[in-house]
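What follows is a set of structures to go through.
Presented sequentially are two complexes of chain A, the first with chain B as partner and the second with chain C.
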Partner chain A sequence: MLSKINDIVAGFISILKGLAVTGKNMLKKPVTIQYPFEKPVMTEKFRGLVDLYPEKCIACSQCVKICPTAALDLTATTNPETKKRFLGAFSYNGELCCFCGLCQEVCPTAAMYLNKCYEVAYYKHGDLTKIDLLKADKYQHLTPPKVKGLKK
Partner chain B sequence: MNYPLIDLVFLVVKGVYILAFFAVNAMFLIWLERKVSAKVQNRLGPMVVGPHGSLQLIADTVKLLLKENIVPSSADRFVWWLAPFFVAVPTIAAFLCVPFSNVWIVRDLNVGVLFICSITSVCVLGVFMAGWGSNNKYSLLGGMRAAAQIISYEVPLLLSVLVIIMEAGTLSMQGIVHAQEAGLFLLKPNVMVAFLVYLISATAEVNRVPFDIPEAESELVSGYHTEYSGMKFAMFFLAEYANLFIISAVAATLFLGGWIGFFRPSAVWFLLKVYGIISFLMWVRWTLPRVRMDQMMAFAWKILTPIALVNILVTGLLLVLKG
Partner chain C sequence: MELQELIINMGPQHPSTHGVLYLQLKLNGEVVLDCQPHIGYLHRSIEKIAENRSLTQFIAFTDRLDYMASMNNNLGFCLAAEKLLGITAPPRAQYIRVIVAELNRIASHLLAISTFAQDLGAYATPLFYALRDREKILQIFDQLCGQRLTYNYLRVGGVSGDIPVGVDLLIKDFISYERRMLAEYQDLLTGNIIFCVRSKKIGILPKELAINYGVTGTSLRASGVKWDLRKDEPYLAYDKFDFNIPTGQNGDSFDRYYVRMVEMEESLKIIEQALGALPEGDPVAKVNKVFRPTGETYMRTENPRGELGFYIVGDGNPFPYRLKVRSPSFSNLSVISHLVKGLNISDLVCVLGSLDIVMGEIDR
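And now, the complex of A and B:
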């Protein structure tokens, strides 16, 4: 009888403890955000799509050599007098890319970097496999036009 | 002076008010439930339709109205069809005796408490009909569990209500509120015990967590309303939340003094108390896990009923000693 009463009291206290836990959670700020309206900011070391500052590139081809999936391809022309290389074309295959970030690490002039794009969806297969890194507006369409009621 | 026609018109108007309140209140409670659950789980809940998702339930209701009503091929059609009405109609009828304020009550029956307690018990018939008519093992199990649970918890529920009736000396809802004008019943220790017993058994009565065994999702899909779709499902759903309102309204009237408050209009006080109790029950729902079937039955018969019985004895003794 006495142990039964003890059980009841202990159970009652445990319920109160549980209520305290959920009560504390109720006062906290929500951890979720309204995704299509609010976009999360990616972390410092987030690795998105490969991107390039064409003016910094010296066409050394180190990134092409280190790429484990051969996703990068560049053509360069050499000036015969000064022996300086110029970038002709630079294409990037987003389908092959494994986002390892080795190209970013190996680049001597920090011309190559992985951007913070995480909404990577294309309408055509060819658009994804042949991305021209020299074009300035190559990733523009991945940032969708402003949704109505979009919060900053 | 007797004007039967005018009386009839007034009765119809009041009935329409009650029906409108039934629907709007249930929709509000579903929204509140989703918001409370989101708060407990650090989420936002419905946010898109209307400010803070307040119009979400209107969208959901339109969806349910337009949905196809699927009848299982082996169902007992008549029983299956009738079951949602057996759940919804007694619930609406129970609103007749809910005193929203000192004047806002459809009929102040002199057996008001008894009327509410008895007519809401008819719901169990509908629940069992739904379980039987669906011809589905999960539904049948859910219906049987619901019947066992509701009938068991009716006993401590009524015994705890009896304490209030003894204190007030009347069965009329308005009479009980008036009896509390001098001082709330809840301040007495024996009424506190009765309030606790009432809250626990009322939670079981409306099949809410931790006593949601008839609808246990992980075991029974969703219990007796597994096979229902469209508007029939909506009727079960609305009735469930209307029942939640009814038990909270009875608790507010019997234990917290109903519409008694510091300022007019008194209906505000009544609604504040009712939604306070409902919020507390929702908080409990999103905190506790489900109890086992045998534990629940043992709890009703071995713990709650003896406590309620002893409480009645103590109340009687106190009343006799007071003179």
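And now, the complex of A and C:
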């Protein structure tokens, strides 16, 4: 009987202790942000979708060789007169990409980089599978529709 | 009462597991007579994939084994590859590796204890507090390597980038912050009588059974076996740091939880020492661009969940001939049918939570 009363008292005290912790946290500022009304700022090294500076690319295809999931595909053409390789086509499959950043690491001219795009939801199948990296507006269709009351 | 056997399928999905697990239960009313885990729902044939990837490429796949502790997986694989190729990482890289591995151990244990508390009915409160603290670690990793879950930070021969300016201060802030928070968790969970009654003397794992089943990590140490590879078979710079190996006495669910709790404090100690003694120099060794592994090797490291081993066989090609992953969760899960006999279903969830399994590395 006595041990039961002891248990009840101990249980009551432990609940009060827990409530004290809750109370302390109740007065603190929230740690969450109101996405999508507030957008998080990505860090400097953030690895988003693969992007390319076509003018810098020398078509060495090291990124294609290192890609663990074969998400990149490159066609290089050679100028018969000057024997210089230049970029023919460069396609990227965002569905296969595992955002490992190896392509960015091996690129000798820093032409390939991973951008800050983190909203990669798309609206129809195929939107992310065949992306032409040479186009300037390749990720235009991924931009989500405007949300009312969006803070910049 | 007449004994009535009823076979119930628990899973293939249950919130108390980090992944897809199917438990076939034989029940008498509420009492579990037998429990048979069925695995394979998360199988991605990562070991086979490894046979078609170079060592550098495969690091990205180790992230997806135990996705709660990707850094530790990176570390295990990189050490195995380095052992096979005869490379030694420079001292600065070794210290950075210790720091990130211990940070990830804390992140993993935070999630383990909080989901364990959630399984016992402490709905959301400890989980959200732990996720809040884990977020700080993830932000550190985000600045370090650019990702929050699949880091791909370590490389064969070092790390992919040095610690950026300001991140060491963030880690220092985190150490003092987390010390305060761990004291708070002790009040909130360890001091809570409901939590103790629910977890003490539940799912007792005897020492002999644990060793026979190859149970490692916190579950083994909770049973009273002082076995930690960081101390007993030191890799990296672990022999230079001063830390204790916490062990439990009873091997019940509470001990498994408590060992994790103490281990986080020890990890904070290691990070503090490593950050204080961070040597100068290059964070990556000069290595060849293409590795051609020959021979075979086995390297094991202490993951948050236990011993993670990588067995690599190379035949001179860039791709390994065979790669085997010895995952700790697989052995830890296999012991469950011995632990839950005679318990209620609610206690089964408690045992499952305390074993802290991740299905990603069980199924591979």
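Definition applied: the second predicted complex is superposed on the first by the 121 of 152 C-alpha atoms of A that agree within 3 Å, B and C clash if a C-alpha of one lies under 4 Å from a C-alpha of the other, contacts with A are read in each partner's own complex, and residues count from 1 in each chain.
Simple rule for what comes next: a contact is a pair of C-beta atoms (placed from the backbone, for glycine too) under 8 Å apart; a residue touches a chain by one contact, two chains touch by 3 or more.
Keep in mind that what you see is a predicted model, and the values were worked out from it rather than measured.
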Partner chain in contact with A:44 - chain B first, chain C second, else both or neither: second
Contacts of A:22 with chain B and chain C, given as first, second, both or neither: both
Partner contacting more residues of chain A (chain B vs chain C): C
Which superposed partner A:31 touches (first chain B, second chain C, both, neither): both
Touched partner set for A:140, first chain B, second chain C, both or neither: neither
Partner chain(s) touched by A:68 [first = chain B, second = chain C, both, neither]: second
Partner chain in contact with A:3 - chain B first, chain C second, else both or neither: neither
Which superposed partner A:82 touches (first chain B, second chain C, both, neither): neither
Contacts of A:102 with chain B and chain C, given as first, second, both or neither: second
Shared chain A contacts, counted only where both chain B and chain C touch the same residue: 15, 18, 21-22, 25, 31
Chain C contact footprint on chain A (complex, rising order): 7, 10-11, 14-15, 17-18, 20-22, 24-25, 31, 43-47, 66-68, 98-102, 105, 114
Chain C residues within the chain A interface of the complex: 53, 56-61, 125, 129, 132, 135, 139, 142-147, 150, 152, 160-161, 164, 184, 187-188, 191-194
Contacting residues of chain B [partner chain A, same complex]: 36, 38-44, 47-48, 283-284, 286-288, 303
Parts of chain A lying in touch with chain B, wherever the complex brings them together: 8, 15, 18-19, 21-23, 25-26, 28-34
